[in-house]
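Remarks on the structure that follows.
Per-chain residue numbering starts at 1, and chain names A, B and C are given in the order in which the chains are listed.
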Amino acid sequence: MDFIKNFPFFSIIICLVSGVLTSVLKKKAARYLTYTALFVLFVLSSLVLFYTIQTGDYYVYRMGHYFAPWGNEIRIGVLEGIFAVFFCIVMLLSIVAGEKHIDEDVESTKINLYYTLICLMMSSLLALTYTNDLFTAYVFIEINTITAACLVSVSGTGRSLYASTKYMIMSLLGSGLVLIGITLLYDVTGHLLLSNIHDSVETIMATGEYAAPMTIIIALITIGLSIKSALFPFHSWLPDAHTASTISSSAILSGLVLKGYIIVLIKFFYRSIGWENVLKTGINDVIFVFGIMAMIVASLFAIVQKDIKRMVAYSSVAQIGYIFMGLGIGNEIGVIAAIFQIFAHGVTKSMIFISIRGFKDVSEHSTRFDGIKGAALRNKVSGVAFAAGAFSMVGIPFLPGFVSKLNFAAAAGDFGGTKMIIILVALAFSTILNCIYFFNALITLYTPVVMSEEEKAKRSVKSGALYIVTVVCFILVNVFVGTFSAQILDLIESGLKMFS
Amino acid sequence: MSKIRRDYENSLWRKLVRFVYGENDSFHEKAGYDIEHPETEKRKEETFFEEVDYTKKKKESDKFFAKYSAIAEKRGEKVYNHFYKFLAAITCFSIIMILLVTVAKLPSFGNPDNPVNNEVSERYIEQGLEETGAVNIVAGMILDYRAFDTLGESHVLFIACVCVMILLRLDKETNDPEKLKALENDRDFEPKNEAILQHAAKILVPVIILFGIYIVLNGHISPGGGFAGGAIIGSGLILYLNAFGFKKTEMFFTTKTFSVVSVSSLLFYSLSKTYSFFTGANDLHSIIGPGTPGAILSAGLILPLNIAVGAVVACTMYGFYALFRKGGI
Amino acid sequence: MEILYAILLVFLIVCATFACLHKNFLTSVIIFMSYSVVMAIVWMLLESPDLAITEAAVGAGVTSILFFVTLKKIHAMDQEKNCDEETDTSEI
């Protein structure tokens, strides 16, 4: 066996070990350990991605001496490889860019614990991506839930505690539903391994013996995971959580945490239930309706917000709606478009949050629109990053948001019928709404304000070289994803074939 | 008010009538607020304004606004509360009904033909003893066959403890004098040297901790294991702390002990399992064998892993309690 | 045996319902504690002593103690007392 096949397992273990170690290290040592670990992960994941592209097939890695239904296993294809690389890049850039605010928001003696959370969250995201076992997925969903709620509450202010309590309650409701679903599924099929569940589900669908519990199971797991990934009627925790947390936490929460659950959902649909059976139950239509509602309603909410972070948070809800809409269309192009939207939204939204950090620096820690007036002129790099993000979200060519919108339209055209009309209308309407609130924010940011010398001195805070480097990296990543979208889409397509 | 009259006023029917007329909210009666008419309140306030000086005026108006907004809030809250309770009840009821119907259609309990009784559980039961060397099949399953899940599970505990630390730990840099005082000795706040508790603890704590250690060490032979034993040891430590206070426990259990024990056991767990996963996946020979089933030093890695899990769990349980009580371990 | 099962399960449902619905936190926690103890017995009857030990130690022991400490921290234990005193004086 090639040594490279061990790398996914190594990356999970590296995260777990460095997470445990950071809890006893000093602040600086913990920070450098985390950066090193994330960089090593990036290298390992890229190597794994290249390896899978070269061999052109997925491989199964046995965890221990026992084969899969008895022991654990992880399964790596192209799609998992891309997800892992994407997670590593966004996590590393978000952490490095928000370094200064972590120092300010978190108590100085607890900064190493913040990095513990980051490492363990990374391990959970990687494990969710690689795992081929439903119960392992649940264990790491738990780690993800706890770390995410704590990332929100880490600054310890009243607002963040409120937000994290709200998040915790909603998220635990989701976990509970997922756990009930997994238990019932085990009872009906007798397996926890995703591929083996698929065989049992096929016989169940053929004989129709436990068909009614099967529908309930699919509904429970879908609802549970969509609560955790803030699909529209369950989104109420997300704006609070984004507003109250420190910048890095917001970027990670929006860019990565929500995506981890969607990956589990896609995996559950594709690998264990089988896409045809999902279409038979009609759960994709339910997802579709809620996705469309999220696209419109959350954008309307975003227009009336007075705080830029809150506005971006509502925009996240709308973009999550796009992903679910793509899954709900019911053809393969839709799923590919949804997966591309995961990457597009991940890189763009994290960049927008990171750029808000720059505005916050030069506006005396305000994120309200009246406070950040003209902030883009005082901090030019952040301004460019925010503008790039806004253009991407609205849909300007060469940026990822445009490509995903195009793909959704293509998927709609492929599907035809009433759904096509609904999708096209919703896409157009939500694009207009996106334009309204993002351009409104841009205009506010670029409006020059007259200030006294004293105010000017107070507000001209240097962001630091590291920040500028990370923001430039973010912009480059965005342009890369936007420009080489055709290749990425090809990879996703081939990965999706290995996925099921 | 005569007794009959008061009983009548407090009767359920009267409450309902008052509720229907909107005079009073029967659900909020215990809170003891009565809705005053905002206009009369305002008039009172206006006459009051002319006589008093500015600071008092401001205070009064603040009070007035607070009261007014409280009334408005409570009115909104009343409607919201009823609506919310109604919806919550309906949602709960429908979820319960759906789940009950689902459970009724599941395979019947204990039937040998159920899907659960397949080749997976068959191998666990028939070859578990031989392959893992653990008499307790459950221990063999969670710590050998499916060790990766348990690895994640022990990190869940650790991360929960880290979260509690972030939220509740008071560090020496804090300026709040009361918190500093609490750091010094909890007995200042809770002067309870209760003789009964202390005598009971003297007898019980050694037994409890011994029982916990027994369960951890025999995890691969008899029911129990790291988690159960660790929880028992942790509760023994909590009882000791409750009886004798932090000064006594700090003689043997400090923050340093906590971090050294939990971090080293987690690291041991991760690294030993890395070795075992690595050798397993690459078909290499592992130096760890199952040993003689039934002996105390057998079952390969299960015994050390049980000890590691037990240490983590005991530390976490005690850590939770100490953090909740004092804000430090 | 069947009857014992039935009694225990009914007790579980009743406990779970009242733990949710009771207004006094302290009583809720104590009901929850008894729920855990009965649950431990049920695990024992279902022939899983591992779970029974864990449930008894964690559910009935550690969790309830943590709940008590939290209630003490947020003064939910004293509040009830004060409320009673107030109602007493108002009646006199």
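The definition used in the following text is that a residue touches a chain if its C-beta (ideal position, glycine included) is under 8 Å from a C-beta of that chain, and two chains touch if they have at least 3 such contacts.
Keep in mind the model is a prediction, meaning the values are calculated, not measured.
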Graph class of chain-chain contacts, one of line, ring, star, complete, other
line
Taking each chain's centre as the mean of its C-alpha atoms, give the chain farthest from chain C.
A
Leader among chain pairs (count of C-beta contacts):
A-B
Starting from the mean Cα coordinates of chain A and chain C, work out the distance between those two points in Å.
39
List the centre-to-centre spacing of chain A and chain B in whole Å, with centres computed as mean CA coordinates.
28
Separation of the C-alpha centres, chain B versus chain C, in whole Å, is 13
Where in chain B do residues touch at least two different other chains?
none
Quick one: which residues in chain A touch 2 or more of the other chains?
none
The positions of chain C in contact with two or more other chains are none
Chain A to chain B touching residues, read off their complex
1, 5-6, 9, 13, 16-17, 19-21, 23-24, 61-66, 69-72, 107-110, 113-114, 116-117, 120, 123-124, 127, 133, 135-136, 139-140, 142-143, 146-147, 149-150, 153-154, 156, 161, 180, 184, 186-191, 200, 210, 212-213, 216
In the complex, chain B touches chain A at residues 98-99, 101-102, 105-107, 114-120, 123-124, 131, 144-149, 151-153, 155-156, 158-160, 162-163, 165-167, 169, 171, 173, 259-260, 263, 266-267, 270-271, 274, 276-283, 286
Write out the stretch or stretches of chain C touching chain B in their complex.
48-50, 53-54, 57-58, 61-62, 65-66, 69-70, 73, 83, 86
What does chain B use to touch chain C in their complex?
30, 32, 136, 138, 215, 223-225, 227-228, 231-232, 234-235, 238, 317, 320-321, 324-325
